[in-house]
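The two complexes that follow have chain A in common; it is paired with chain B in the first and with chain C in the second.
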Partner chain A sequence: MSQINIRRTLLLLLFPGGVFLCFFFLAPLLFVLVESFTGLDGGVTLQRYISVLKDPQFRQVYFRTLKIGLIVTPLAVLISYPSAYVINNLSVGRKSALMSLVILPLMTSPVARTFAWIIILGRFGLINQSLRALRLIDEPLRIMYTEGAIVIGLLQLFMPLMVLTLVSALENIPDEVEEAALSLGSGRVGCFFRVIVPLSFDGLIMGVTLVFTGCITAYVTPAILGGSRVLTLSTLMRQQALVLMNWEAATVIAVVMIATTLVLYNSLRLIRPKNL
Partner chain B sequence: MAFVELKNIEAGYVKGSPVLKSFSLSVEKGELLSLLGPSGCGKTTTLRTIAGFIMAEKGSVKIGGRDYTRIPPNKRNIGLVFQSYALFPHLSVFNNVAYGLRRRKVDRATIRRKVADVLKLVSLEHFEERLPSQLSGGQMQRVALARSIVIEPDLLLLDEPLSNLDAKLRVEMRAELSRLQRRLGITMIYVTHDQIEALSLSSRIIVINEGTIEQIGTPEVIYQKPATPFVARFMGFDNRLSGTVIRIQDDRVLVNVQGFEIKAILEKIAGLKRGHQVELFFRPDDAALVNEKRENILPVKVNYYNFQGNSIQYSVNCGESELNVVMVGKHDPQKSYEFLCVPADKLIVETRGGG
Partner chain C sequence: MKKSKALVLILILMLVFLLGPFLVIILSSFGSEALMKFPPKGFSLKWYDKVFNIKMFRTTFWISLKVGLLATGTALLLGIPVAYTVVRFRFPGKSVIELLFSSPAIVPGLVIGFSLLRFFIYVSNIPIIVGLYLGHTAILLPYTVRVVSASLRNFDPAVEDAAISLGSSRLFSFLSVILPNIRGGVVAAFILAFITSFNNIPVSLFLTGPGVATLPIQMLVYMEYYFDPTIAALSSILIVITVFIVQTAEKLLGISQYV
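Entry: the complex of A and B
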């Protein structure tokens, strides 16, 4: 087959997926983008951006969303790295058993998972009942509808992603490399930071990107655990669009959110480990 | 007392089914000892037990008189060279070699000097800034070697270090290893499944099979006087003939093989009696193909031959048996042969069923 024919075949194979994405993803996005720069008279304007970015409520929600991402992501790394390390060093049978446990939350409906949190975090939930039984509190603590609740929910939601990407990164590190480090005098901890982390760095960045962007764009979890009291970008956008019918603001929020994710994604990709 | 001493080691990967059972060996200071055996025989397990990656369930590991049985690998000061080199891919050659020195809190200036010295020793002085991915197989092997000797280990363990290299490089590195060992006088334990490597490098060889030691000896003894049928076959006594003992006289045994009398000169006749069913083993290059009738010949038919430059390898049929014969020197490959002459003084005689 000639070079041109191969290219033609490749294009043909890409065609269905490409058409689908163009119609149902790129085109709507483009409309949103164009819409966000359109004024009431139909001309190009930054008016919508100015009014949204000046709004203190938007600023509060924007920085809260970023803050939640900045809390959840490092926590996910701290919790997932040791687990991934242990899972990777298990025998094949145990490894696949634990891996399916990790994947299990990804396969249950996010709505069901989040409602489970209400049972635990709610006014008469497990935590409050236990604290009251221990006579540590008189009045139930308010955990639901706080940033803390959203952090807990998102952490639980995205931890499997972090564990999965870390395990697959760790799998690519040959055992001998770790053994070489040990034989040269590194302890387990030193070996972890000097050899394992640098060699699984790509997986770490991948996991951080997935979790961080996931946190910023998540909707169901902040909607249920934050309610209308503690809004994030997604829930604010929905409120503006579907409750207040303020489509002008909603389109701007959508564009800002996408821009933030793209900037984060591309700047994280640029991070490379330096030689230790 | 020997420098390295393993006593009654029981070790393995799965609890309850050890690879090594009641395994003992000793290594003298400054010696290069090879552990030779087929894959799965326990030679790597032995090495990993000495390195500390496998904790022996029973027995003791002593190095320089000190008990190391329960000491973790990072506290043992043992150098390791892996078949896969196991270089740190994210570190430059310099940092790979400096790794062990840094863990020992050696000061910067000394590290610079020692790394430079050892890289010069392995002829890689201009490669300090390269990453492992920018090196050839042979160069990676040298970095791995440099990295493990720069820490001045009490003991250097090498696990099939040359088997990922191509044939020519392997011979070069073998000579280089030998030179380094003599120059530095490091005690080395060398794991290999390659007889030639073990024979050419070692001061002593330990042949291991299924977790037990078959024979310990100098390369000459192992090669010429294999103690067991297993060692014999491993050392290239590939040809086997069956027969019956006719007569025993002093150090000679006469065996009837397919109606022909074959004489074998042995060091000890131990256990052989008239009428015993035996098997004769010999090397392809110890036998010869001839046309004239003489002592110790068997009629054969040549199947095919392989011309190999300075030698010709023949496959011949002798009754039911298919044998290999290598004729070294200038021969005419087209020439036909009628008889196989079996070397009386290079035969190994084993009673049938003896392994």
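Entry: the complex of A and C
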């Protein structure tokens, strides 16, 4: 096929999808971005940003959101690494069976998944009823509408992502590598940290990026488990837009959310272990 | 380390944490009291009866189904050619194209929904259901492109070259040689995209309005007013359907490798 012909084919194949995304994805985002810098008189201004960023409530919510991500992500790594390691060493059939169970929280209706936690963490929920039966508490503990509840909900939602990326990273490490390390006198723990972790590091970073950005932008989990008492960036944005009808603030929060996600996405990728 | 008991224990605890809540919700959907308690008291099917008798759940179920099928179909039609181009050709600006088609999965859904709403209001008054369809198609495109690309990479390009060198047109060879060979990937893309659309809340949140909602949005609205096991019953139905779909898709297509 001639060069020109190929070029025409490429254009033809990419055109419909490309145009669709330009119209119904890029243009709206640009529109909001421009709007966020436009003053009432139509000129360029930072006024909207200044008033949102100065607001102590916004700052509190912003740092709380980051904090939740900073708690969930390491917990997910700690639990997922050993689990992924065990899953990866199973036979093909068992591995597939386990993976299909692990991905269930990602595939289930978010309302169903989160509602389950109300039944567990609520006033008359599983935890409070058990603690009372054991006579450890008199008054029910308040677990719902706390940061802790959000952390638990997000951990269930995003751990599957971490396990998935870690398992596919571990799959690429030949068994011989580990055997070699062990036969050369490496201890099992040493082998894990000095051989397995460095060799699956890209997967780890990928998982960390997905989980952390996921935590920062998640909506349903903080909406149900945190409510209006413990706001995160996304529930604050929804409140500003749909409850308080403060579109200016919502626009700024939207831009801040994208900016934070993009910075995390691009900076986490730069992390490399020293000895690789 | 291959068979350490401590590691297996961590895996089991993780599975309990990931899946236990689903068991809890299914058990409590059979309780007879209106107050959500665990363990539930009594046994009753009345909450299931109630789910089917609430008209808004039926209406929004059909809207979710319609939007999900249409958006998934469109995302496949637009996404398969893109996946084919990205896998089969090298061309300048390829990385930009790949970035463009993966970014709706990176940008927060809430922001996509919000900006689409602002955009639709500004540009014209697009009917709610059309707005939902367009927004969902945009967020599904990364899934269809990624999953179909993955299955195209496993297909030997020499087979296509052979068909073309024997005089078949590129379009015909795609339809008759490639498509049948990647149909597993296409079906996996369909399932993943449809589930993503059917469960979506962040994008739909801003694009639904009075009278037109999707099922998950309607469930959230219901929860704001009533706190009884009706949502547990509806959730249980959705969980059982999801488990069935995921298990079947795993056996037939190995869907977990595409997630």
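Everything that follows uses one rule, which is that the second predicted complex is superposed on the first by the 271 of 276 C-alpha atoms of A that agree within 3 Å, B and C clash if a C-alpha of one lies under 4 Å from a C-alpha of the other, contacts with A are read in each partner's own complex, and residues count from 1 in each chain.
By our rule, a residue touches a chain if its C-beta (ideal position, glycine included) is under 8 Å from a C-beta of that chain, and two chains touch if they have at least 3 such contacts.
Remember, predicted model here, so these are calculated numbers, not experimental data.
Undergrad: With everything superposed onto chain A, say whether chain B and chain C fit together or clash.
TA: Fit - chain B and chain C, as placed by superposing on chain A, sit side by side.
Undergrad: With both structures placed on chain A, which of the two partners, chain B or chain C, ends up touching more residues of chain A?
TA: Counting residues of chain A touched by each partner, the higher count goes to C.
Undergrad: Look at A:Glu176 in the shared chain and tell me whether it touches chain B only, chain C only, both, or neither; answer first, second, both or neither.
TA: It touches chain B, and chain C stays clear.
Undergrad: If we overlay the two complexes on their shared chain A, which of chain B and chain C does A:Leu199 touch? Say first, second, both or neither.
TA: A:Leu199 contacts chain B only, not chain C.
Undergrad: Return first, second, both or neither, reflecting whether A:Ile118 touches chain B, chain C, both chains, or no partner chain.
TA: second
Undergrad: Let me test your reading of the model: by the given contact rule, A:Gly185 touches which partner, first (chain B), second (chain C), both or neither?
TA: In the superposition, A:Gly185 contacts chain B only.
Undergrad: Touching A:Asn266 in the superposition: chain B (first), chain C (second), both, neither?
TA: neither
Undergrad: Between chain B and chain C, what is the tightest CA to CA spacing in Å in the combined model?
TA: The answer for the closest chain B-chain C C-alpha pair is 10 Å.
Undergrad: Across the two complexes, find the residues of chain A that touch chain B and also touch chain C.
TA: Touching chain B in the first complex and chain C in the second, residues 191 of chain A appear in both lists.
Undergrad: List the residues on chain C that touch chain A in their complex, please.
TA: 1-4, 6-8, 10-11, 13-15, 17-19, 21-22, 24-25, 28, 35-39, 77-79, 81-82, 84-85, 89, 91, 97, 100-101, 103-104, 106-112, 114-116, 118-119, 122, 134-135, 137-138, 141, 145, 170, 195, 198-199, 201-202, 205-206, 216, 219-220, 223, 231-232, 234-236, 238-239, 242-243, 245-247, 250, 254-257, 259
Undergrad: In the complex, go through chain A and note every residue touching chain C.
TA: 1, 6-7, 9-10, 12-14, 16-18, 20-21, 24-29, 31-32, 35, 79-80, 82-83, 85-87, 89, 96-113, 115-120, 122, 124-126, 129, 155-156, 159-160, 163-164, 168, 178, 188, 191-192, 213, 217, 219-220, 223-224, 234, 237-238, 241-242, 247, 250-251, 254, 257-258, 261-262, 265
Undergrad: Would you tell me which residues of chain A are touching chain B in their complex?
TA: 174, 176-177, 179-187, 190-191, 194-195, 198-199, 273, 275-276
Undergrad: For a test of understanding, state which residues of chain B touch chain A in their complex under the given definition.
TA: 51-53, 72-80, 82, 84, 86-92, 95, 99-100, 103-104, 147-148, 151
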